[in-house]
Every structure is written in structure tokens, then in C-alpha cells.
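Residue numbering begins at 1 within each chain, and the chains themselves are lettered A, B, C and D in the order written.
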Amino acid sequence: MSSTLGTLYRVTTFGESHCKGVGAIVDGCPPGMELTEADIQPQLSRRRPGQSDLTTPRQEDDQVTIYSGTEFGRTLGTPIMLLINNKDQRPQDYGEMSRIPRPSHADFTYQMKYGVRASSGGGRSSARETIGRVAAGAIAEKWLRLTYGIEIVAWVSAVGDIEAPAVDLERISRPEVDATLVRCPDGAAAARMEERIKEILAAKDSTGGILTCVCRNVPVGLGEPVFDKLEARLAQAMLSLPATKGFDIGSGFAGTRMRGSMHNDLFVTKGGQLGTRTNHSGGVQGGISNGEPLVFRVGFKPVATIGLAQETVDFDGREVILEAKGRHDPCVVPRAVPIVESMAALVLLDLALQQRARRGSCPV
Amino acid sequence: MSSTLGTLYRVTTFGESHCKGVGAIVDGCPPGMELTEADIQPQLSRRRPGQSDLTTPRQEDDQVTIYSGTEFGRTLGTPIMLLINNKDQRPQDYGEMSRIPRPSHADFTYQMKYGVRASSGGGRSSARETIGRVAAGAIAEKWLRLTYGIEIVAWVSAVGDIEAPAVDLERISRPEVDATLVRCPDGAAAARMEERIKEILAAKDSTGGILTCVCRNVPVGLGEPVFDKLEARLAQAMLSLPATKGFDIGSGFAGTRMRGSMHNDLFVTKGGQLGTRTNHSGGVQGGISNGEPLVFRVGFKPVATIGLAQETVDFDGREVILEAKGRHDPCVVPRAVPIVESMAALVLLDLALQQRARRGSCPV
Amino acid sequence: MSSTLGTLYRVTTFGESHCKGVGAIVDGCPPGMELTEADIQPQLSRRRPGQSDLTTPRQEDDQVTIYSGTEFGRTLGTPIMLLINNKDQRPQDYGEMSRIPRPSHADFTYQMKYGVRASSGGGRSSARETIGRVAAGAIAEKWLRLTYGIEIVAWVSAVGDIEAPAVDLERISRPEVDATLVRCPDGAAAARMEERIKEILAAKDSTGGILTCVCRNVPVGLGEPVFDKLEARLAQAMLSLPATKGFDIGSGFAGTRMRGSMHNDLFVTKGGQLGTRTNHSGGVQGGISNGEPLVFRVGFKPVATIGLAQETVDFDGREVILEAKGRHDPCVVPRAVPIVESMAALVLLDLALQQRARRGSCPV
Amino acid sequence: MSSTLGTLYRVTTFGESHCKGVGAIVDGCPPGMELTEADIQPQLSRRRPGQSDLTTPRQEDDQVTIYSGTEFGRTLGTPIMLLINNKDQRPQDYGEMSRIPRPSHADFTYQMKYGVRASSGGGRSSARETIGRVAAGAIAEKWLRLTYGIEIVAWVSAVGDIEAPAVDLERISRPEVDATLVRCPDGAAAARMEERIKEILAAKDSTGGILTCVCRNVPVGLGEPVFDKLEARLAQAMLSLPATKGFDIGSGFAGTRMRGSMHNDLFVTKGGQLGTRTNHSGGVQGGISNGEPLVFRVGFKPVATIGLAQETVDFDGREVILEAKGRHDPCVVPRAVPIVESMAALVLLDLALQQRARRGSCPV
């Protein structure tokens, strides 16, 4: 299903960058939970453009309105439609420009796939599409927090080749992450990252980066082998985000270099339950959560829109020089933090409901 | 859906390591294609255990039988049931052993999730589950080859910290890959990998590794934004395989260190069509194939079953020393080659049919 | 999936009777089709309340706005969000009344299922929920008409025990149907139906009725055995409508009394193609359209809301007398005509796209 | 999904009439339930041909084997593959006969849809396909009985124009139904039905009939508005069976003639719970079970295969006389009894699991 994600908590997003609005329908939200726009707005605000001079200056308030599915501030268990109007609604034929597919953008592939494409901005491939996901994710996150005490925190762990040192996975919090503009909880690394981004902005270029995300208090038993294993669903969710090129969990690609005797997570008792001494598994074994923190990384490529001149060809194969006008995000990762958190929440709630269906009681 | 993958080409697998048999139902296979067991067996044979002294000595023929969905050697467009009997059918209570969850195996999580688990082997989390996928993938691959000329080739690009040099993506072939026991097309690297695996086997330990896979001649337009983008579906497919910890595509995690001006794939004309000068995108832009080769990597952790003694606890929290008996694969990646190829084929065919539904003609 | 219908043309509806708005997201609409609100509004207007003194006087304009998925009046192939604002937005606790589940309404079952329910009107079980379906169906219908020349016409064939005589299935048209307020193309029967409805309205009672629907020019080959056979999907679609109690196709329940020698539809040649002499099959054989007109019936129960006093009990089991205030539709079938047509269109388009995926060309 | 039914309890069937075998994969069966072939065989035996001289003499044992998903007689929560070998495996080109599409059979539509079809018997449109459904249904039924005490009983309520009188829905049982060969619990009606069937058999003709089915002890709350309402899912399930032409629930088509004041089911208290005085709703309100018995009817057309000569045309449009050889069921409804019961079980279990996911406890 292209624009719908999930089996029991199902999110269907809509909206292009310059149509009337963007948003989502959330179907399958458990009934009886307190919910108003105030539960959703904070993550939308963390995601919106124009938060600092590190990001795109496009001005959008991104105020969400709940159109259905709640009454007197409680969910009814029916579909929740979430609408965020676009301030910038200007579909227009860019003339000459529309004849040039931007390198490493979706212009060419959308045109070939659909035979038509949105004339301006990224259309459906724009980062604005993620607004519906974030709104839906905020609802999921609230339920997970109230029901299991789940905490989801993502942060910028690399910008270009600047890597942040490891953080304390048990304690890292959103306020710590938001303490710096680049959303890297290590102050020294954050300072270097900011400097790097400004330098790249000045050079009309862009950079990639990596997010790390931890989910704490995930109950044992989430993940549906064999095709909806927890890491499989997370990987799909993360790689469905614009500009992502990689996902790994626990020891990830680095773990491929280890020996089994070092990598295996030996069992120990933790507060009367079985836990593991190490967490190379990243909280998942056999595709199922094991009670340890989920830890995964998402790699983002450098932003495709750059001000530097690019030698490319137009749709007819004629050689052209392309220079993007205006200002764009030189680095997308700081704003991707709430998006990655939201996608994790969507996956976890959907799998939690499936496990509850199986075992019939709570906790799963 | 836990044991079903796909929207239009749907594969449902069944079978534990020691039940009567394993296999799959393929639903949605296009009608009228020539198909017999001989089309499926080669990939199953590349995947089966006991191929060399690098792998587990479990003896299984893994002969497939087509039970339905074909007649006179042609597909009917109806469900194809593929059955492979298990030679080793010995569900038995291992007594003491069954009280000890093996570290970094699925024993603990299956027991917690389902309240019951298969008594021997890995049950459903065993690599035998992948047999149904490989059989279904061989059918998909045949259709993709006949219809679009698609070629899918995977190989071992790393064993532990031994990395193979880059290969020629336009020419690499299965015979080249199969020329060495470790399925690494670079002879020198292959020799070092073999030596390493033997050394690790002798040490009763295990190692991880990385597969790289290329898909050539993929038509432009495959991938269904936003949640079924091509890379998202590939990531889910690969991370649903046992022992996988990471997936990246094109430049992947390494690309996060690049600048946009280096990373962007500039358009050029290739044989009258638009192509790209470089392929950092790995064949996909905006979640849709762009006609360049798909290139992605899959990271496998070191095998969890090792002969070395491990200090762990049993289900009741009592400290025990666990030593695995018998012989096991010290490195899973050589046998994973046909599995990764098969998963790629399943994803591509499903997305190709969806695109054909949209545009109504062939090629997509 | 509760609020989503379809595999390739997927409709997700939202909205309660008294929330901010109702509507739908259409995902999977083929790209490049001309589409504006003017294509959708006519069916919405045929469905809206207050069209005559036979129907509920609730005043709603039901003006649709396309929020996404089109540009310059053409579909982009991306999700189309259709929003219709509710004029009457007054969720309020009815106090005493909310303690009494209305007989044969959904008050009791919603309360038990969800533990909460919309305080006023029918919430999600209201007929207003069908607005999103009609909007989505109008889009589907346009595509089917442009691509295959499919014509879908429904009409009132019975009100209570007043049955209309058979119509000419090859010629019946919407203008003929709309010529009378009750939407029965037989003038004499229509007059008796109107009289009956007025009499029942005066008696503060209600009546049921039957719709018949024909779909002409459906290409051969639509329907996906075994669970998504054409009649199975139609039956689900129709029985998902409020107040429906029955569905039959072709000879239907009456055909159960026939002998095979009379019932079998013998083949003949029609314009160079195979057709059938009779059409007891109702256009479908083995779950697949055979090129003859699809003909089916949908039975609607009498409206549950009546002004007559009813002896019932409240949620605590206390005996009460319930008398509905205000005016309500005494008979729902005239307004159900565009709804049934829309559901047929949703099913046909979804199945047409699936068949096109299989065979790769047009017509299917 | 064509050969897969269900969201959480998912059944995928396979098999043609003359391939190696038929059966199903059941995915999502709750773990820990005792299950062996002995739980499944009784319903298969009630369904198999050759039970009496009223039915087809094709000899098939229809012995089921569980290939996976259980161990030591308990379900593992993993996919259960159920295989029933075909004794009669003789795909052969019937030569001349294969050029003549049998009237009101699926020969023509399968050929047109798939471009190929099984050469003998009905292929996938054969009643043998229902074997997998019955096997999967028997498992579902056991779980429903153990968990909720649900009882599902279907019977023949009409053969041609012979209608059985109403039965006591609270008490009707399978032994009563099986007491007569035609599976009509009313002895007098059964005798007339048998006589009629023999007469029709002698005349080389066939007849249709109606089944009625009751499901008792269904908990309140099953059914997922708006598209997976309980009656919608039942209607789809029943109309996906071969030879079905109609479905209605509760008062059904007859109820369309009633007035609301007679039709409404007034609430009363029953054992401390709310129930209804009458049950015109057939156990469902607003698409959700209300705790009263589910009651629905399924109409079957007369069997298409008859010995009488039929004037029809072959695939090339040449006029031919077709006379079916051999013996066939003159009336399918007695053997359809366990099939209808099984489909009801599949729907109820799938919806019960969805409701359990929502509310997290048992009973739903």
C-alpha cells in the first residue's frame, strides 16, 4: 500500500508541497484516550522549517486541526483526520525550469512513473509529506507512553564526517537533544556541526548525516515474524523517509566485523526478569523485542538541492547548467529528529496492538 | 501481515526447522509462464546446507515439489504451493537444554511472545524458513528476466574485517560468484575469507559479514511512494531475514559523509534515454527506480550458535555454562547469497505489477 | 481494514455526523485524468439530505473541496483528499437521552465495542459517513467511463411491498431514475411509493425498500478468485452500507428455486464475442465478469428512527418510553441510489486495476 | 487479496481439482491451543463427496495432514500448513471438450481472464478449493468454542421451492442437521427434499437451494466499521463460495417490507445484560455483533453441470450440443453446510482478534 502504513494502527498520508494542505487519517487509534491538538503540535513544531538560520526559511506555521475521531477531547476509536493547511499554495508552471529534472531529486522518476508531476517544489516527494506522519506519530507516541511508559528519543549523531561520541542510552532526553540547534546532545560535537553547516551553507553546498534513535521500555514480544519482524518494519519505515539511504540496528554494520563470542548478548537477571549483559542486538532477537532498549541508526544523504552550478541535461537530453535559486536546508538531519521518532512510534503501536490481539492481555 | 509478503505477488511461507516440511504459497504469479521444479531447484541448491566444509553438515536435499498452480508446465495464474519436505523431523524435548535460552537466539523472545516455542532447532526463526522465500523468489526472478531482462546478482563483499574490492557492477555474474566457496568474486579476498572462516571454525567461534547485491535492467518507475518506496520495501525484505542487522543502498552510510555537490547524480543521455553519470543513488530516486543498477548492501551479524562456553542464565535466572554441541555454520553469508537475490526478486515483481496496473502497458 | 477499502484503488473515509467534516482519501487513482470538484459534486448532491419533502430536512450543502492529488485540473497519481465540512457541528451531551440506546441503532454496540461513543447523531454509523464513499466513487466512475465506457445506474425497485416492474437493463439511465422523487423509473409504481412514504411519514413510522443496480460495458475478466470474486467484493461493499440487510446478484434468491436447465446461461455469439442468451448469472461466472451487464439488488431495512413511542430500556436496564423528536427520513432508499452506484464503482475500478496488472494491456 | 482472507487470522488456500493436492496455510492462529488432525477431519468428512447417493460419486478420502505450526499437539502461533492430497490427479487435455465452455461454469471467464485455464474439472473454481477453507475453519471454530463458547450450525432451509419451517435457533444442533441426508432438520421437509433431488437426478437436471446459519454466543462487539462490518465480512465470505448468488441477514430481504415500528428490536434485560426482544437485526447493529444470535441465509444457484443436452457455442462461436457425461451433484446445498459454517468461523475469529487488540482483554 503506497500511502497507507500499518495493519491495526493505520496511517494514510496525503498532500503535496504546494496543494491546499497536508495531513493524514489515523485509523485504528484505541478509543478513550485524551487527545487534543496540543498533544500533536509540539512534534510538528520541532519539525517545521524556519526554526533557525541553519534551516530553510520557508515560513509555515504547520498548525494542525483534528477534523474527526475525537469528541470532548477523547478519541472515539474512529478515524482521526488531521489537516495542516499549506500557507504556500502556488502550483505554477515554472516554464523553462520544469524541463530540467533536478539531479538526485524525484523529478525524473515521478515524471516517468506517473506521466505527470507536480509543477513546483517536490510535490509528494517533498519533506512536507512527513507532516502527516509526525502528526500521526505524536498520537501513537502518547498511547505508548501512557500504556507502557515507552520513551522515544532521536538525535543527530553525525553531520558529514563529524561524529558525536556515544550517549547514555538510558538517560538521553529530548530537552538535552533540543539544547543545541543541530540537535546533537554532545555540546562540543554540536558546536563543530553547526560550524560545518554554516560553512557548507556559505559554499552553497549541502551535507548528509546520521540520526540515532533509542526506544526505552518497549515490552518484550513486539514484532511479527517472519516478514513483519520489528527491525524489518522499522527499516521500511525509516527508508520510506525522503533522503534516507541506510538503516542499521544494534551493532549494525559494525557488528559484522565482530566474532560471535564477543557479539552474543549473554542473559542475566534484571529485576526479576531476564535481560542481557550487552545489547549488540539493539533490543531485538529473532525479530521480536527482548525488553532491552531499541537502538538504531538512520543515514541521510546530503540534500540534493544546492546552489552550486550543476552540469546536467534537460528532459530532452539537452545539456544545461542548473543553479538552484533561493535558500534551502544545507543539512536535513536536525529537523528529521521528530520524524524518525514518529516513524518509530507508528511501528511500535501497530506491533503492540497485534501482540495484544494474540495474547489478549496487557502488558503484551 | 506476519507470514505474507507483497500486494500483488504475494508469498506466504510456512514451516519450522523440524516439522514435516517447509515451503510457500505464491499467489498472484502471472499466468502462462513456463514453470517446472527445474526452474526453482538451482537457487534452492545454492542455499542448502552441506555444500562445503565451510557450512553446516546438516544433510538436506531440499527438493521442491509444485503442488498446484501449474498444468502442463505452465502457470495458471492461481496459487502455486511449493513443498520441500524436511528430512530431519525430530521435534523432541531436549530436557535440560530447553530450559536455557541460547544467547542472541530467538528462544527467549519466542517463548515470551507466544507462550510456547518449538522444542528443537530454531523453529520458525531457523534459516530453514527461508527455503520458501527462495523457491518463491526463483519464480519471480524468472518472470522478471523474461519480461524485462532483469539480472540479480549478490555476492560476499566482506567477512569480518576482510573486505573485497569493488566489482564491475555491469558485468558481475553468478558463475563468477560461485567460483569460490565463500562466493566472493575477488579471488585474493576469497582466499583470505576462507582461511579466516576455517580459523574461526577451529576456534569454535563465528563471524559476521556483508553481502552486496546488484539488480540490472530494472525498468524506470518501480516503487510506490510514500510507504512502499523501492528502498523501503527492499529494506523490509532484507531485514526480515535471520541474522541481518543493516541495510543500505547506493552510497549508503558512507554517503552521509559526502557533500551534495559530489553526491548528486548528474543526468546524461544514455542510448536515447536519460541516465546518470554516477550512481550514488543506487538506482533509486524519490523511492522509484531510475533505470540505473540497483545496488545495496545487507549486513549479517556473527552466527549466534558457537561452541565456546558462554556464561548465561536459564529461564529461571539460574547461572549456567552453555556450550553448543555439534557443528554449525561459522559464517552464514555464503549461503545467504541466493536468499538475498530471492528477496530482491520478490520485491521487484510485486512493484512491477503495481506499476503495470497504473500505466496499463509494458514495459512499465 | 476497517475504514479503508480496496487493494489498488484504496479509499479511506473519515468523519462523524457532527464533527468538523467528513470525506475520504483516495489512494491509487490513475494519474493524468482530468478532475475537478465539478466531477464529484453531482453525485454528492443526489445524495444530500433535504432534496424533497420525502427526506430529512437537515440542511447540508455538502460542497466538496479537493485538497491534494491534483494540479491544474489533472490527477497526479498521488492521494486525493476530499473534504466536506459539516455545517451542523454540535457535539453535545444529550443528558437523559444519551442513557437510552435507540432500538436497532448502533448506540449500544458502539458503546460496548469502543467503551465510548459520539454523543449526538449516529457518529460514525450515520449516513453522513457515506459522503466520502460517494466522492471517491464519483472519481472511480469517471475513470471507468472514460476507459471502458462503463455505465452504472441504480434505482428504487421496491418500497415496502410495492414492487416496480422490471426495467430495460440495456437502456435505463440516471435521468429516467431521477425523474421521480423516489427514484423509481416506473411512473405508476413511483406514484404509489410516494404516496406510501407520505402515509408512513404521517404515521411517524418508516419503511424499508430495495435498490437494483446495473453496470453496463464491464469488460470480461474482473474479479479475483477466490476471496475477491466480483460478487464477493460487491456484497461486502453493499453490506458495509448503513441499514442494508441483503444482497443478491443475477437470479439471486429467486434463482435458488430454478432448475439448472432453465438457469444455465447458454453461450451465443454477440458481435464477434461470446455472450450469453440469458443473464441469470447477473454478469458474473466463477467470480469473474463475463461481459454481460452486472445486475444486483440491495435490501434496506426500515429506518430505525421513528416518531412512534417505543417501550425499551436504558443502559442500566430501566424501562423507558422512547419517542424520537424532530423529522427523519421515513425511507432511505431514494437517497441510497448514488451511494450504491458509488460502491459499485469503487469495487470495479479496484478489480480493473488488478486485472490490468496481470495482463499488462488495455482493455483488460 | 485473491487467495488470502483475513487481517489477523489469515487463510491462504491453494489447489485445483486435479493437481497434486489442495489445502491452506493458516497464519495468525493463537498459540498454545491443542490441535491435531482429529480436530479438523470431521468437518472435512461432512464436506467430502460420495457421502450418499444424493451426491457426486467422486471418491476422495480428503484426509488432512498438518505440515507445520504445531508441536506435540499444540499450536505454536506460527503458520499451519494443511495438505489434502487429491486422489484424482489427471490433468489431461479433453480435446474437443476443452473447446466448449460449459454454460454457467467458469471455463469462459477463466480463459479470458488468465489466457489459460486448467484442462479438466473446474480447476480453481471447483468445489475442491473449499477444502482448504473447511480445514482452516475447523481450527477457527475450535478456538471460538473454547474461548467464547460460540456454536455455529448451518442447515438446508430450502431445496428448490421446498422450504423448511423455521427451527428453534437457540437449540438447533449439528446432530439434528445430520440426521437426514439432505441436512434439513425438519423431517417432513427433508423427506420431500430428498424425493425432489432424486427426481431431478433422474431427469439429468439440477436444483438450487438455501442454507440458513446461526452463530450462538457471539460476544458483543465484533465487526469493524465501516468496511469490515460483521455483515459485510460475512457477505464477502459467503459470496466467495462457488455457486452462491445471495446473502441476507436477520430479516433480510423480507424485512424490507416491514415498517420500522415492527422491525425495531426493542431492548430488554437478559440475565443482567441488555438484549433485544426480537432479533430482526440478525445479531448485528451498526455492523457490530449485539450479543443476540447471528442468523443469515446463503442462496445457491442450481448446479451448472447437467446431463441434459444444451444448445450452446464453442470458443470459436460454432454451435454445438453439450451433454455432460458421468454423474454430478444435482444439488450442492447438503454438502455446503460445513463450508458455510467454516466461512462464518473464519470471519468471527478474525474480527474477535481485532477487537481484542483494541480493548486488550477477554471477553472482548
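Keep in mind that, in the parts below, a contact is a pair of C-beta atoms (placed from the backbone, for glycine too) under 8 Å apart; a residue touches a chain by one contact, two chains touch by 3 or more.
Quick caveat: nothing in here was measured; it's all calculated off a predicted structure.
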Query raised in the report: By label order, what chains touch subunit A and subunit C together?
Result: B, D
Query raised in the report: With chain centres set to the mean of the C-alpha atoms, which chain is at the far end from subunit B?
Result: C
Report summary line: Chain centres from averaged Cα atoms put subunit A and subunit D apart, in whole Å, by 45
Query raised in the report: Roughly how many whole angstrom separate the Cα centroids of subunit C and subunit D?
Result: 26
Query raised in the report: Which subunit A residues sit where two or more other chains touch them?
Result: 1-4, 7, 13, 28, 31, 77-78, 113-115, 124, 225, 354, 358
Query raised in the report: What residues of subunit A sit close enough to touch subunit D in their complex?
Result: 7-8, 28, 30-31, 77-78, 225, 353-354, 356-358, 360-362
Query raised in the report: If you look only at subunit D, which of its residues touch subunit B in the complex?
Result: 1-4, 10, 12-16, 19-23, 25, 27-28, 31-32, 65-72, 74-81, 83, 91, 93, 113-119, 123-124
**Report entry** Footprint of subunit C on subunit D - complex, ascending
**Finding:** 1-5, 7, 13, 101, 103-106, 108-110, 112-115, 124-125, 129, 158, 160-161, 200, 205-210, 220-221, 223-229, 231-240, 242, 244-253, 255-261, 263-269, 272, 274, 276, 280-282, 284-290, 297, 299-306, 308, 310-313, 315, 317, 354-355, 358-359
